[in-house]
Amino acid sequence: MTSHLALMSCLLVLVLSLDKFLLHYLKKRWLSGPRISSAPSKSRRSMAAAAGGGGAKWSETAMLVIDMQKDFVDPAMRSPMLVDGGQGVVPTVAEAVAVARERGIFVVWVVREHDPSGADVEVFRRRFYSGGKGPTVKGLKGAELADGLAIKEGEYKLVKTRFSAFFATPLDSVLRTTGIKNLVIVGVQTPNCIRQTVFDAVALNYEKVTVIIDATAAARPEIHLSNIRDMKNIGVETPTLEEWRR
Amino acid sequence: MTSHLALMSCLLVLVLSLDKFLLHYLKKRWLSGPRISSAPSKSRRSMAAAAGGGGAKWSETAMLVIDMQKDFVDPAMRSPMLVDGGQGVVPTVAEAVAVARERGIFVVWVVREHDPSGADVEVFRRRFYSGGKGPTVKGLKGAELADGLAIKEGEYKLVKTRFSAFFATPLDSVLRTTGIKNLVIVGVQTPNCIRQTVFDAVALNYEKVTVIIDATAAARPEIHLSNIRDMKNIGVETPTLEEWRR
Amino acid sequence: MTSHLALMSCLLVLVLSLDKFLLHYLKKRWLSGPRISSAPSKSRRSMAAAAGGGGAKWSETAMLVIDMQKDFVDPAMRSPMLVDGGQGVVPTVAEAVAVARERGIFVVWVVREHDPSGADVEVFRRRFYSGGKGPTVKGLKGAELADGLAIKEGEYKLVKTRFSAFFATPLDSVLRTTGIKNLVIVGVQTPNCIRQTVFDAVALNYEKVTVIIDATAAARPEIHLSNIRDMKNIGVETPTLEEWRR
Amino acid sequence: MTSHLALMSCLLVLVLSLDKFLLHYLKKRWLSGPRISSAPSKSRRSMAAAAGGGGAKWSETAMLVIDMQKDFVDPAMRSPMLVDGGQGVVPTVAEAVAVARERGIFVVWVVREHDPSGADVEVFRRRFYSGGKGPTVKGLKGAELADGLAIKEGEYKLVKTRFSAFFATPLDSVLRTTGIKNLVIVGVQTPNCIRQTVFDAVALNYEKVTVIIDATAAARPEIHLSNIRDMKNIGVETPTLEEWRR
């Protein structure tokens, strides 16, 4: 019994000591290792990805940039919705968008915009809305894109009111009629908006779904990593930006 | 054979001569008559309506004002989407909204707003979009509400991209979490956006769905009337504004 | 005033005298005439249809056979859901299915099947369910296909609980992943299940939607015809079986 | 560097040694501790839960029993879809259902049933379907409930084709018209069908969502736990069966 408690203490210390180094280290060793990618259900997608790296039809790919709004990523807004790891990925997200534009990938800016009344926010978040104010209220500063990010002509802005970009929005219709079959996803935050959008994309049968793991973030590294693991387990590609841009 | 042709000619002449008088006349005689409303499937709803007239919980009722935008109802816009009977109902719609406000009914302004690219419009209408222009493009004049109509504080603006106000929108969620059980519908046009919204509302189990038949319109009176008939046949209430305001 | 009453009476007599002859006559004269099909929004689809007649990719077409169940079309069932014109179209539906099979068209049998409790039926119809019985209850005789119709291997059975075959079902997903772009629709009844399925198909951007007008039916001919007119007005093809099989 | 590697090795050994003891231990210490439950967004739900324990309206609660089918939980089926931790929770699930029945909770049996063609399965799983066979094909043994589980009269069977029980099914409609506001969820497996159903339930604004953490399972304990953590973070209740039955 004592040894179990000792084991537990040790484990907790280790988990709590997870930091950026560990995050990077784990990505290389754990997530991108050959063992996992050799599983049968993933090999097919991996091969497609490899082909994609070489001569992909980028015209059939869209990048979804999710929730990169001031209230989610800018600490200066003092929003209750701030994602701890959010600000750190703004430069990587900007770079990912730049790569997407070079490749002619269709860029979709997915943002939350809520009515000042909070009538269209999840009930468990409604207490944050009163007096015409609240997180990412339409028209207020908190709903704007983070500094350094901007929508260009020909890119699409999609307004959503839930975690998933597909929940009660025309996104699937817009993507399909634009000929999109593959999705690349960046933004915040991994366990909620990123993951729900990814799982809905898989349910909707998009052929290849890719999450760029250093252009997405969660409140804590272990939350980020465990969700990347689960997405990988259903066949989602999880490269770093460096790997994806090759 | 000749007599059949004569019959047909006669019928066509009559149908084409349908006018405002006839519309009003038919509403009284045909649609509101005792024969039809005594059908079993309708009686339950009719009773609810009667109760509603007396001491309805208007807090559980929402009014959906549909597509009352310049491109749909203002001939001066020269939009290909102009609904012939649209401009004629603007005053009745405005009056219906005024009554709703007096009663404390939650008013939802349902509008189409499309991306300049047309990426979120039905494919069969996409040819109307080019050079950043097209019917009800977001931010352009044609997407504005018709003169005489305006959104007040506390009212909700819902953006849609298809006929039905429920298709790929958070409308059902907004209504349910606001405690709405009954819907009153006005706007244009009867066979498309009105009817599709109404049928979806019935599929979604709203308890009472009411269409104010002189605050809705179609390109031609017989199109309006045949759709009112079909909605009535699935239990929808179809009063005139005068009847509804009593 | 007297003349108006006379006009009205005359009109009512005419409407009520609409019969099978008239239905057939109108289809030829009114629905298939050159005047209407020359409207701009329809011409594109018409051209596609013409091409379809010659060398269509039938592998991209699915036939939806809607609600051809005993409780809807067999008077012997004494179901409250019986569609008056339903039994009359069973042979045409059977023939349409035979043509579809010859062409290699993917056949989808859309049926209502409800829980004995009625928990999944529209609330306004729930009163028909009690004691484990009710219209098209799963496993009961009324839910079976009408005599003369049967599902063959390789064909798909889709269970729905509302008018539209797309409402809360995986139909869109099944069709898209089977490569289907065009739909041909037969069954009952025109103003409800047929029309709602058709309008949803248009909203979902199926490229060509075809309703075979003598393999669909409503309670009365004028209801059938006015709905065919409205579907035609949004670009739906409306051939007779004879025209479609050419 | 060496010390980092040592740390890593140590961590991996620990993670791999996670077992039933650890799972139980962590639940008590980590998930149910006072620190987390004192967060503002959770306290409201926690209070509701406390009240629920005392005098809950069980008539407003439904239990969703998810995917407890032979192909998912019975190793004898040799199904590629077998969930490693599945068989172990069958007794707890059975017990949870018994408690629900005593309380008069509406029980919904959520099952996957696929067409033999695989046309309605996710594309990334379609390779498992051929020759009329595949995981949980309708009518085959693998689609049956696990031994020891059975549907009673008055309980509802819901067929789904994706992870989430709400995806393309009438579940939300059935629950709402039955007056259900709260959900209790058991079954397999935590990162996919359980979590996706839970997140959709939250998006659909169910008031209280409860996952019984020892009546749900994943392939490995750490996958189970990290998903429980994420659900807890959005306000989901996560009691053990013992805690829930009090």
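The chains carry the letters A, B, C and D, assigned in the order they are written, with residues numbered from 1 in each.
Quick note on the criterion: a residue touches a chain if its C-beta (ideal position, glycine included) is under 8 Å from a C-beta of that chain, and two chains touch if they have at least 3 such contacts.
Predicted model, so just to flag it, every value in this text is computed and none were measured.
A.B. asks: Quick check: more C-beta contact pairs in A-C or A-D?
C.D. replies: A-D
A.B. asks: Would you kindly tell me how far, in whole Å, the mean C-alpha position of chain C lies from that of chain A?
C.D. replies: Centres of chain A and chain C (C-alpha means) sit 43 Å apart.
A.B. asks: For chain A and chain B, let me know how many angstrom lie between their CA-based centres, rounded off.
C.D. replies: Distance between chain centres, rounded to whole Å: 39 Å.
A.B. asks: For chain A and chain D, let me know how many angstrom lie between their CA-based centres, rounded off.
C.D. replies: Distance between chain centres: 24 Å.
A.B. asks: Which chain A residues touch at least two other chains?
C.D. replies: Those would be 123, 162, 173, 177, 205.
A.B. asks: Name the graph shape formed by the protein chains and their touching pairs; answer line, ring, star, complete or other.
C.D. replies: Looks like everything touches everything, fully connected.
A.B. asks: Could you please specify the touching residues of chain C with respect to chain D in the complex?
C.D. replies: 115, 117, 119-120, 123, 126, 154, 156-157, 159, 161-162, 168-170, 172-174, 177-178
A.B. asks: Touching chain A in the complex: which residues of chain C?
C.D. replies: Checking each residue of chain C against chain A gives 173, 176-177, 204-205.
A.B. asks: Report the residues of chain D in contact with chain A in the complex, numbered from low to high.
C.D. replies: 4, 7-8, 10-11, 14-15, 17, 21-22, 25, 29, 41, 44-45, 122-125, 127, 162-164, 167, 191-192, 196, 199, 202-203, 205, 207, 222-223, 226-227, 229-230, 233-235
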